[in-house]
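Residue numbering begins at 1 within each chain, and the chains themselves are lettered A, B, C and D in the order written.
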Amino acid sequence: MMASIEAPARSRSSSAVKRAFERYPFLPALIILVVLIALNGWFQPRSVSLVGMTGQIKTYLALMLLAVAQTYVIYAGDIDLSAGAIVSLVNVVIVGVMGQWGGDGVTIFVALAIGLATGLVCGIVNGLVVAALRLQAIVATFATSIFFTGLALYIQPVAGTPAPTAFWRTYGGRIFEIPFVFYMAVLFAILLVVLVRTRLSLRLLAVGDGQQEAFQSGLPVTRIRMGGYALCGVFAALAAFCITGDTASGDPLVGGKMTLFSIAAVVLGGSALAGGYGTVVGSVIGALIIGFINSLVFFVGTPSEWQNLVQGAAILLALMTGVLVGRRARA
Amino acid sequence: MSRLQLKGVAKSYGATKALRHADLDIGAGEVHVLMGSNGSGKSTLSKIVAGSVRPDTGEIVLDGKPVTISGPQAARALGIAIFYQELSLAAHRTVAENICLADLPSRGAFVDRKALEARAAKYAALFEGVTGEGFSLDAVVQDLRADQRQLVEIMKTLAGEASVLIFDEATSALDRAQVERFFEILRDLKREGRSIIFISHRMDEIFAIGDRATVIRDGEIVGTRQIADTTPAEIISLMVGAQEEAAAPADAAPARAGAASVLLVRNLSGAGFSDVSFEVRAGEILGFGGLHGQGQSAVLRALFGANPPASGHVELGGKPLRPNNPRETIQQRVAYVSGDRSRDGVVTGRPILENVMPIHYLRERMVLANPSALAAKALPALQALRTKFAGLGHPISSLSGGNQQKVVIARWLIDRPAVLLLDDPTKGIDLSAKTDLFTLIRKLAAEGMGIVLYASEDAELLDNADRILVFNGGSVRRELTGAERTRFNLYQAAYEAA
Amino acid sequence: MSTVTTFLRQPLVVALILIAALLWLGETLSPGFASGQQILRLLIVAALLGIVAAGQNLVILGGREGIDLSVGGVVSLSAIIAGNLMAGENGGISLAILACILTGAFFGLINGIGVTLLRIPPLVMTLGMLGVLQGLLVVVRQGIPSGRAAPALADFVSRDFLLGLPGILWLWVAIGLVMAFLLSRTVFGHRIYAIGSNEQAAFMAGVPVKVIRIALFVLSGVFAAIAGICLLGYSGSSFANVGEQYMLASIIAVVFGGTPLSGGKGGYTGTMAGAFLLVILQSILTTVNIDESGRQMVFGATLLVLMLFYGRGRSMRA
Amino acid sequence: QDFKIGLSNGWVGSEWRTQMIDEAKAAAEAWKEKGVNVTVEVQSANVDVPGQIAHVRNFISAGVDAIIINPNSPTAFDPVFAQAKEAGILVIATDAEVSSPDALYVGIDQKAWGAAGAEWLARTLDGKGNVVAINGVAGHPANEMRVAGYKEVFARHPDIKVVNEVNANWDQAQGQQAMQNLLATYPDINGVWVQDGMAAGAWKSIMDAGKAGSIAATGEIRKDFIDLWTKDKLNSGASVNPPGVMASALNVAVLMLQGKELKEPAEAGQYKNAMYLPIPFIDSSNLEEAARQVEGKPGYYSYTSALSISDAEALFK
């Protein structure tokens, strides 16, 4: 009962656990993910076969990328409610450009470059209104999301323009017997590893820990936050590429619903919404958790009218577990 | 040869004139002390030089050339570094990252981790031996103690390799050994010809390290003295001005052996302290002393229920007390004043009235809040402390730090508590406010209240406590009563096992 | 001079000026827009939003990133429950109101518990709850026929009630008065501001932080439920996701009313004006004859411009 | 014979969709009498396009024989339908056409549906007057086809002027608000072209404004509205997209799984893969009959029709 303060408060092993959770805040999410994959496999063995997994990655790669996009702004304590609208806009832009210029190999790359630029510009616009004009991020990016959606509707008033066959056949196909999306996943992983080491990542996190403090320390806070939004725009564009590859068409509304899921994924991954703390890997895991919850709900045979409720409840439960376990472990 | 000159620098926040007209001259290789009571404008002046506050008028001359300091980044480029009174650390980043944050060693767009570690290590090494347990380059700042964080902020300031360094109350949380080491570093810097602006409320520090002292009162520079040619008394009279003499510290009253026991604590243990026992009698001021973070605050917070104790026995006026949370202890007539007013005390942006009333709301279980009825309660409490304010409806943030603290203390005076727990209540408070406060405390004690006072400043403790419990490593190591209450005994007990 | 500028800087004043300007613009673009009848109808629509925004306002005032994204779900659910319980009969009104308020309070309570006891960030908790509510709507709607508003409720919302104004406007005014009183003249109100401004200090001064915050979420659920009942009265019958449009709109109304999302300051009077402002803006956009893409671009850009009058954060350099 | 059929619905915002699923399930049940065991697996949830693609992938993993989908996009499923076909799965879309050459469309022609309402309106207004349109979700293909339908018709009537077109997102309350705003700014309109559930909202505003006598507006097919229409003698006409379309598609699917061949290959529509079902129309002439069909049903029940098994068999060789 009477704890002596001379003795270390925590045993060595529990402080090792604490350190692990501190270094890898996505650990709780990883555990949830592994359990979910196991359950998917249990209820529908084919879902964890190569084909099943390829399908799952194809479907959720875009959400993974968008969750990563969202992570960079959340690092700095900001948020981007327009991320999904950027996906839609880039989607119609690249489909439009490919359609316009024929859709062979070269024009596809040109279109993708234009798409990246579009995402970047959208991100910079968000950065300008949030960081430079100092509008509140939630409302300001909601406003830009309406604007971007309007622009997408202007470019392509109705869903359905097809993307060139070469483009989606490549995305959905195989190279050397290995599905193309796996190469994408590997590239994506490399990109993340590289970005973790950048100054921008560290400085975004520092800004997230306290804008005023960061400013007083001499950091160019406005520029850093704009950098976060710009990066978000670029990753949203990458997400749009994946959506386009998987849907083979342009749709001015395609990304709209992804925004809130991208935020949920970031939190599932163990990052702090308040900024200053988190990892992009966690966000990727968070996106996968959402995906595997959705498929598991079907594979266990949930009656259709209950599917939305069970999904919603499971995601809420995962969010709560993640937040609680993470905090417990780090405390 | 002057390094930095301020000419007619002024700054207002709305109606508040934070700095009226500052002329200042700092030489190379000089430690220039800035003295002044709370709200006199020291931090404002510092921040203007450091670029984080925009002056309304005035000129800044650096090495003979007039400069425009457009922001903190520009200040750094000009060779100005600052230790912020409220710190400027990123809580989730490591010590090393914080030290180098402003100027990350990098290769292209990437952080050069090796260089970063090396650079941080260089500055951390300066404090080797006094950083305390749990401090390391890869420790996360959030896990550090207050004094360790201040050390990180100091290292971060040093890492600016600036020619002008400003330390705005950089020693307020440091213990003696840490201060000693810091002063050695300052002396080295001085020898290298750097210019240092040093701000502190501790007279002994000022005389230990300063070359010249400038006193600032109500935003105006009232005089500069060579430290060697002046006395504390002169500095104080400059600070206080002609109209008011600093009152002498209250005399310690003898402990009243026969008085009733107000607070009885037996074998109390909890996070940061263990097996603490003591008794406070009516009319007594019991002092807690010792080095920083030896459990004094933790015991007080535990008694208040803010961090409930793990085990032990507490009696209040003869009845057992279970300090589960502040809400319950307040209702049992326990009061607690924290020195960290911005964290624990002030409800920022709200009117002064609302900042005085919360305890009364709770004690009286009120539902409706009628402003005029409340004002009648609030005014006497504020006046008892000689609080300076324009109106009860004004936001508390319009007051200076010291007056904000008085508002926070006033909330405990409406419904008298049985026990008053003071957790370094004068941190960052000016001398005349201190005097007012201790006069009042003595009066409250005389009226039968039991008071526990933890003060980080030795003089404050020696002057005001009837009895002193010296803490070390979370337990009481020695009790000093009567004539034992000397600085020597206090130091000896404090350093015993450390 | 400076008092004039201070006056003009008040969010409420800004909102009122913008309202006048937009009404003038609307009248110019399409004559008849600012007629008495039309303004009355717009006020009814604004009242629906304003009632949701009352709860949103409280949650935001309470700080700690307070926000309630689940209000839209509660509005929808409440409209459906009310419709089914009254099934077009006046007799069912009181039961329906009771059931809806309890439902709103229940979901608010869960949100509050999640946010305070489990310490889930409000945005996350209420976002998750939104997902649950949307799922629940599907379940509920498949099980029970969606009902119809009682005639008395429909009249209350759109017919004359007193002095030429429909009941819902009186209700809104009453809510406005209660909110003003609550926030400025009660201990509860002062405590809301206290936890919103400095939670730690409030805790140390004996404010029951968790109880207050839970109460705010409960109130938010209750206000959303009341809005759901009124919405049923407005549209006559209930249907899916009626409340969806209120989620972000209620937040914008609060921000336009001068309550920053960081909490601790602001009030409801401004929010009422903010709600009306937003409704006028949307309505002008429906009446001008341009493509939907153009409407959305203009809407988004206008929101941004309007925000420049309000939500701008402080410069980091004082 | 045993067939496993997956039903995917990506939007559960209206009772119409619920009824669509229910009728399809009932149709599967009906095959029992014929000794054919048709089991359905349903994924019906609010999802976005990627979410519905996940539905299809889940069906592939579950090894179904056929997929019937009410798709959230016309083109986005091309790749995943190709994958389904590779796995030997029959894919039929209903309610909204899809571009995939690997799928078949069984449902109504949405453009003709939109045109039918417009024809009625033009006839009722004697070919002249001011008209407003209240549309669903901008950019949604079904909406755009319907819009194309009415535009074509109104273009043929030079004296009919479409003074404004707005979007109310297939939301009844938004439809009501939009109508209210339109009535305020265009006090002289004669006709309203409005779709689905929004029609009930629009009519509420028209009635609130006391203009039910002077305005003709398209209506909808839920019992609640049909009752109101009958009671208040509204000047309305509704073209019917029956929720039974999925049941029709299911019957076609089972016959195809049995290896039967269509008499006339499905080659209609812009994607040349459609088999169009008839579009019933309700107006004052047959309102009573429609009311009789929905009598005793709950208020949200939509007037419906579907290909019975024998109707469907008649289409096959």
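Just so it is clear, a contact is a pair of C-beta atoms (placed from the backbone, for glycine too) under 8 Å apart; a residue touches a chain by one contact, two chains touch by 3 or more.
The structure displayed is predicted, hence computed values, not measured ones.
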Neighbouring chains common to chain C and chain D, by label: A
Taking each chain's C-alpha mean as its centre, the one farthest from chain D: B
Winner on C-beta contact pairs when A-B is weighed against A-C: A-C
Chain centre separation in whole Å, for chain B relative to chain A (CA means): 44
Separation of chain B from chain D, taking each centre as the mean of its C-alpha atoms, in whole Å: 72
Where chain A and chain C are represented by their mean Cα positions, the distance between them in whole Å: 30
Inter-centroid spacing, chain D versus chain A (mean Cα positions, whole Å): 35
Residue list for chain C, restricted to those that touch at least two other chains: 134, 138, 142, 292-293, 295, 316-317
Junction residues of chain A - those touching two or more other chains: 152-153, 157, 212, 215-216, 305, 307-308, 311
Where chain D touches two or more other chains, by residue: 12, 18, 45-46, 138-139
Interchain contacts (touch definition) - all pairs: A-B, A-C, A-D, B-C, C-D
Contacting residues of chain A [partner chain C, same complex]: 81, 129, 133-136, 138-140, 142-154, 157, 211-212, 215-216, 221, 260, 263-264, 267, 273-274, 305-313, 315-316, 319-320, 323-324, 327
Contact set on chain A toward chain B in their complex: 1-6, 9, 22, 197-200, 202-203, 205-206, 208-210, 212-220, 276-277
Footprint of chain D on chain A - complex, ascending: 44, 46-47, 51-52, 55-56, 58-60, 62-63, 152-153, 156-162, 168, 171-172, 243, 246-258, 291, 294-295, 298-299, 303-305, 307-308, 311
Complex contact set, residues of chain C against chain A: 65, 67, 114, 118-121, 123-125, 127-136, 138-139, 142-143, 248, 251-252, 255, 260-261, 291-301, 303-304, 307-308, 311-317
Contact set on chain D toward chain A in their complex: 7, 9, 12, 18, 21, 41-51, 53-55, 57-58, 60-63, 73-80, 82-83, 99, 137-141, 144
